[in-house]
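Multiple structures follow.
You will see subunit A twice below: alongside subunit B first, and alongside subunit C after that.
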Partner chain A sequence: MSTSTQVVQDLARREYKYGFITDVEQDIVPRGLSEDVVRLISQKKNEPAWLLDWRLKAYRIWRTMKEPTWANIKYGPIDYQNMIYYAAPKRRPSLESLDEVDPEIRRTFDKLGIPLEEQKLLSGVAVDAVFDSVSVATTFKAKLYELGIIFCSFSDAVQNHPELVRKYLGTVVPYSDNFFASLNSAVFSDGSFAYIPKGVRCPMELSTYFRINARETGQFERTLIIAEDGASVSYLEGCTAPMRDENQLHAAVVELIALDDATIKYSTVQNWYPGDAEGRGGIYNFVTKRGKCLGVNSKITWTQVETGSAITWKYPGCILQGDHSVGEFYSVATTNNWQQADTGTKMIHLGRHTKSTIVSKGISAGHGQNTYRGLVKIAKDAGGARNYSQCDSLLIGDQCGAHTFPYLDIKSSTARVEHEASTSRIGEDQIFYCRQRGLSTEDAINVIVSGFCKEVFRQLPMEFAVEAQKLLSITLEGSVG
Partner chain B sequence: MATMLDSYVAEAERAASAGRQGDPTWLMETRRHALERFTALGFPTTREEEWRFTSLAPIAERRFVLAKNGASALRPQDLDPLRLPGTTAATLVFANGRYVPAASDIRGLPPGVRIDSLGVAMSQPASAIEKHLTRAASADRHAFTALNTAFLLDGAFLSVPDGIQVETPIQFVFLAIGDEPETVAHPRVLVVMGAGSKASIVESYSGAHASPYFTNTVTELFAGEDATLNHYKLQQESAACAHIGAMYVRAARNSTVTCHSISLGGSLVRNEVIVVMDGEGAECTLNGLYFGDGRTLVDNHTTIDHARPHCTSREVYKGILADHARAVFNGKIIVRPDAQKTDAKQTNKALLLSEDAQINTKPELEIFANDVKCTHGAAIGQMDEEAIFYLRARGFGEHEARRMLIQAFAGDVLSRIPIGTLGARLDQELMRRLPGEHR
Partner chain C sequence: MLRIENLHVRAGNRDILRGVNLSIDIGQVHAIMGPNGSGKSTLARVLAGHPEYAVTGGTVAYRGQDLLAMDPEMRAREGVFMAFQYPVEIPGVNNAYFLKSALNALRKHRGEEELDAMDFMTLVRDRMKWLDMDETLLNRAVNEGFSGGEKKRNEIFQMAVLEPALAILDETDSGLDIDALRIVARGVNAMRGPDRAILLVTHYQRLLNYIVPDVVHVLTDGRIVRSGGKELALELEEKGYVWLEQAV
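Up next is the complex of A and B:
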């Protein structure tokens, strides 16, 4: 075995860097799911009656639904009755200042390299850190509040702005949307809420870190972002999770609503525990994310870097309802070892002269299986609609797979739809070229992969771009034998 | 629905017992098994992924009866427009799926080449047929292939021995004759090419029926090592036809297979092409052109299965849709584990000429090997206004400019047909069908 191969294999076997467990006392509801559990969650969170009704409706419809099987992923049956649906840290820290945050939790964030004060001082990012299911600290709230921006945890929004939540909750992803969305609607614990009023540009990147910490606790985040006329906001979501043996289910729902001339940019870096080299453990990430461009000239951009999770099932989509609205989707999905990803986007063109762009980069290594599944639908009345899609796959190693299932459903003759896809491996000649110029094999692969993903990384906010690049090197660069 | 299935079953049993004398047991067994599979599968519904956009209601809701042997009704002038330009090595003519020896001509074939009606060939003992028939077209999963196999009575059979090269094209003509309403024919084609052999085959389907009829064809092509096979399927059925065609190709080591599918007629059309690259170094080209107008539904499904390393495939499909026509294109490329050095390229384009035309396109890549080059591209759009402007600025009328651009669009596929003036004739046929043309 050559030295470079050795280096590369060592890297491939590198352990998940962010695996650790924090011991914090937790407030836990009984195992399993029933109407009583739904009621208990709602009661613990002191929710109004209409929200409980909504949860119960979701629960009742969920019971009649079947888990979807069409995705190109394989996993053992999930026992929904053997899960804990709500966990909150018992000693709820005061939100006044960072010093009052549980030192245990603070250390966790330090290990993750996202100290709150550093974030606060250096990057000017308002961090709404979600530790398990309840917000621990919210910063810059006051500053945003002056502008009329509401940025808080979902539970706080239910308490303080029930009229907004009631107006928009479930308008993009209804409680009956799909199996996992309905499950989420019934038992969602917490999440983030952002409301940008008319004409306001949010002066900073809003960001949230989600962590799954309590053993065997599924996390059911609910995020709702509303940008009113002429408003604009950029939202970041980043995830790392501790190393665990048992599979953990994560079924989040994200809803975005953009009114006239509004812009929402939603970026995700997902690095949950992918399972070990033999494919044991890892997070099941079954997420429903959807944005609605309700107003004219509105724009929604999804950017995602998916490096973690044992299974990813995720199709951030845009409903382009307003005339001249724009939807964009930029994605990098990597699968290594035994990871499986079935991800892509849905662009539903309803309004006239709507435009969408899809750039998807899939990288498979080890025994990873990577699937792009996308839908571009152009309704009959969506005259002058335009779509450009590009999905490229890179294969590293001979045991992995890359699959592309794009659906193009065109009902308007004035539409213009273009789709391109390619699959290839890193060329020997490319590596040879780099090696000649003094790069090690490892660096060469790194350079080639970052070049491959450049189009997507360019879309990420700076802080995320750096993290994403780092994650990608760890997940991948080592896998070439 | 169940009663429709029953009527097919009863008829298949009748047809099989009528032809029993002389039929070998393997054949009877094959038919029986296929019939069982067909009853188990039933007609596919839009709930199945493969048929998601194609409703078979026009077939499933009618009781099609097996068409009568049309040999006596066949007039020589029916064949005239179908004859290939230039010389042909052989022409087999089938009326309603049954062989018509009087209209056929097999004199131009080199010695050693075997061509016959499948009905005759099947009844002879221990032929090459048993080794190949249904080996590529399995009745297990595909309901219409099962149905065709259950009615396996006649068809075209061609066997080219090792090393024989047939330079002039061979033609199989399938005609729907007579005007009885709601009839069905199940034509079958089997072609076995020996090592290093070469042949070009033109398979044409047409009919003049004004009342609904149904053609359900299955074609099996086996290309041996180093063989060269060019296949052209011309579908010019009448506007009353439901045409379901499945073609199964097995390409052995270093063989070169080129399949063209030109689909201009019919009201409900499904063309399926399934190619298995079964040996290293095989090359395959699939080209297609389809046109739909009125309320036509044209569905093209292609699968190229790269089962062995070092194979190359190229695919170009183009569609033109007018009026309320709908089209479905599904192009799948599978690269099996260990099929390294695969090189696959697929392009599909559709031109929507009217506000009400629709298309559902799904190019699929399923790749399980790493050292591969696979690309697919899909484009859907209307006519390029700038190109029209360019032509108009140079003195062409709007109508003429549009025609010219459509012709160029289709020409990409038609110009690849190297049989005499056949490409030009199809081009004329297409131009005549365009909206705004005098029919």
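Up next is the complex of A and C:
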């Protein structure tokens, strides 16, 4: 074994630094899923009847559905009756004051580098902090509200802006969409809600930080973002979870709606607990994210850096309905140790002269398996539609795998579709070149990988790009097998 | 500053170096010449610590230290630089960023402060002038899409910025046209000085018209078969390596 291999392997054994557990009194619903549990969750959240009704419809259809098996991932059976669907810290803070956040939870977010005091935050970022099933704090709410921007927890939106929620909920991801989306629709507990009114450019980054803490609990959050005509917003989500030996399910739904000339940029830095080096534990991340470019000239950009989770199953997509609308997907997915990722996007071109760009970077190390799965669909009436896709895979070591499944469904004769793909391995020669210039093997790998991901990192807001790069280097440590 | 004694090196199951002896003093420029397959590049790469080779015998002392016991990055930080015969491409990594990381790794090792972006750029612009380099090369990815000549020039540029104590140039002249060769030679000559040793590995005498060595060695079949002054290179040019091989 070469020394560089040794160094890389040592690196891989580095610990997941967000793996601590917060001791806080929990309000949980009984284990398992039934109509009663759905009703109980709805009741706890004091929801209107129409929403309970919607949940129940989702639950009933979910019961008739089967867990999908087409993805290129392997995992043991999930026992949906042996899981807790709702866990919330007992002391529910008032929605008005950040001072009332349970100090234990505040300390948790401090440890994660997300202070909940506004003066301590990066001044350009407003944060909604979600702890297990509920939102515990949202910063800068008042300041944003002056501009007519609504940024709050999903539960608050249901209470305070029911007409908006009712108008848009399920219009992009219907409750019958797929197994995990239906499950989410039945039991979703909280999440973030953002509404940007006509002509307003949101002056700060909106951000939600998701934290799973409770044991044997699933997290089912739901996020809804609406940008009215000419509005624009950049939104970022981050996620971490404690280290636990059992797997935990995370099944989220995100819906984005962009009206005429609106722009939504949605960035994710996903760092759920990936399991240990032997593949024990870790989050099962089954997520449905979709945006609808409803208006003409609207634009939705998904950027994701997926470094965590034992299993990642997500395909953030865009429905390009408005003429001249634009969908973009930039992704870095890393799998190390025994992590598996099956991720990609769906670009559905319905409007004329719609444009989509897909840039996917998969990095596999250890025994990691990384799959890109992407659909580009161009409808008959989507004249002049264009797509450009680029899928690159980087292999570190010889026990990992990279797989690419592009699907093209082109019905329009004037469509232009380009697809480029490459697979490469980090060469000993590249590493040696860097070392000859004085860089350690670790730094050499980081430099090579960050170069590989550059096009995607460039899409992230500055502070997060730095964070993402750091995260990536931690995730990849110990990768040559 | 560099003393190689009875060095034996194997790659795969082939013995490539079979007892090389060589001493270089600080301030000197040595050239190693030899036919293809003689082991010249192997010698350069072994000195830099390339993992592909197994040293099966002999010693290499560098400034009194056991060079062979050091990791490649430690050799680099201690002042050993190799200009690669085939510089490696690192897609997406900014050339200037890469060089700054390298320079700061060396400075950190020496206990010096890291250079900030401003000081770094001042240094870099100065060195670029030596080599008539186009500043756009700084913002391109390391060696990616560079022509053969640009890659070689970039190697010498890196050397000029990193200011090594021992510079090993592995066939830097191959693939260069005459103008590029002159420019590269100018860069190397600017680096000559009392506190630096340079080892040129080359197949042709041509380079030595521009960089005049103090000592020339001829490596054939894994051993140094003759050493001499700069005239030796001219003699070789005239008579060819066969002349020496027959003499052995």
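Throughout what follows, the second predicted complex is superposed on the first by the 460 of 481 C-alpha atoms of A that agree within 3 Å, B and C clash if a C-alpha of one lies under 4 Å from a C-alpha of the other, contacts with A are read in each partner's own complex, and residues count from 1 in each chain.
The rule is short, and it goes like this: a residue touches a chain if its C-beta (ideal position, glycine included) is under 8 Å from a C-beta of that chain, and two chains touch if they have at least 3 such contacts.
From a predicted model like this one, the values you see are computed outputs, not experimental measurements.
Enquirer: Would you sort A:Thr404 into first (subunit B), second (subunit C), both or neither based on which partner it touches?
Expert: After superposition on chain A, A:Thr404 lies in contact with subunit B alone.
Enquirer: Would you check which partner chain A:Glu35 touches, where first means subunit B only, second means subunit C only, and both and neither mean what they say?
Expert: Touch status of A:Glu35: no partner.
Enquirer: Applying the touch criterion given at the start, work out whether A:Lys454 contacts subunit B, subunit C, both or neither, answering first, second, both or neither.
Expert: A:Lys454 contacts subunit C only, not subunit B.
Enquirer: Name the chain, either subunit B or subunit C, that contacts more residues of subunit A.
Expert: Comparing subunit B with subunit C, the partner touching more subunit A residues is B.
Enquirer: Scan A:Asp79 for contacts with subunit B and subunit C and give back first, second, both or neither.
Expert: Touch status of A:Asp79: no partner.
Enquirer: Would you check which partner chain A:Asp53 touches, where first means subunit B only, second means subunit C only, and both and neither mean what they say?
Expert: In the superposition, A:Asp53 touches no partner, neither subunit B nor subunit C.
Enquirer: Please name which positions on subunit B make contact with subunit A in the complex.
Expert: So the residues of subunit B in touch with subunit A come to 49, 337-338, 340, 350, 352-382.
Enquirer: Going by the contact rule at the top, pick out the subunit C residues touching subunit A in the complex.
Expert: It comes out as residues 48-52, 71-73, 75-77, 81-82, 84, 87-93, 98-99, 101-102, 105-106, 109, 141-142, 158, 162.
Enquirer: In the complex of these two chains, what residues of subunit A are touching subunit C?
Expert: Of all residues in subunit A, those touching subunit C are 2-4, 427-430, 432-441, 443, 447-448, 450-455.
Enquirer: Quick one: in the complex, what on subunit A touches subunit B?
Expert: Subunit A reaches subunit B through residues 70, 380, 393, 395-425.
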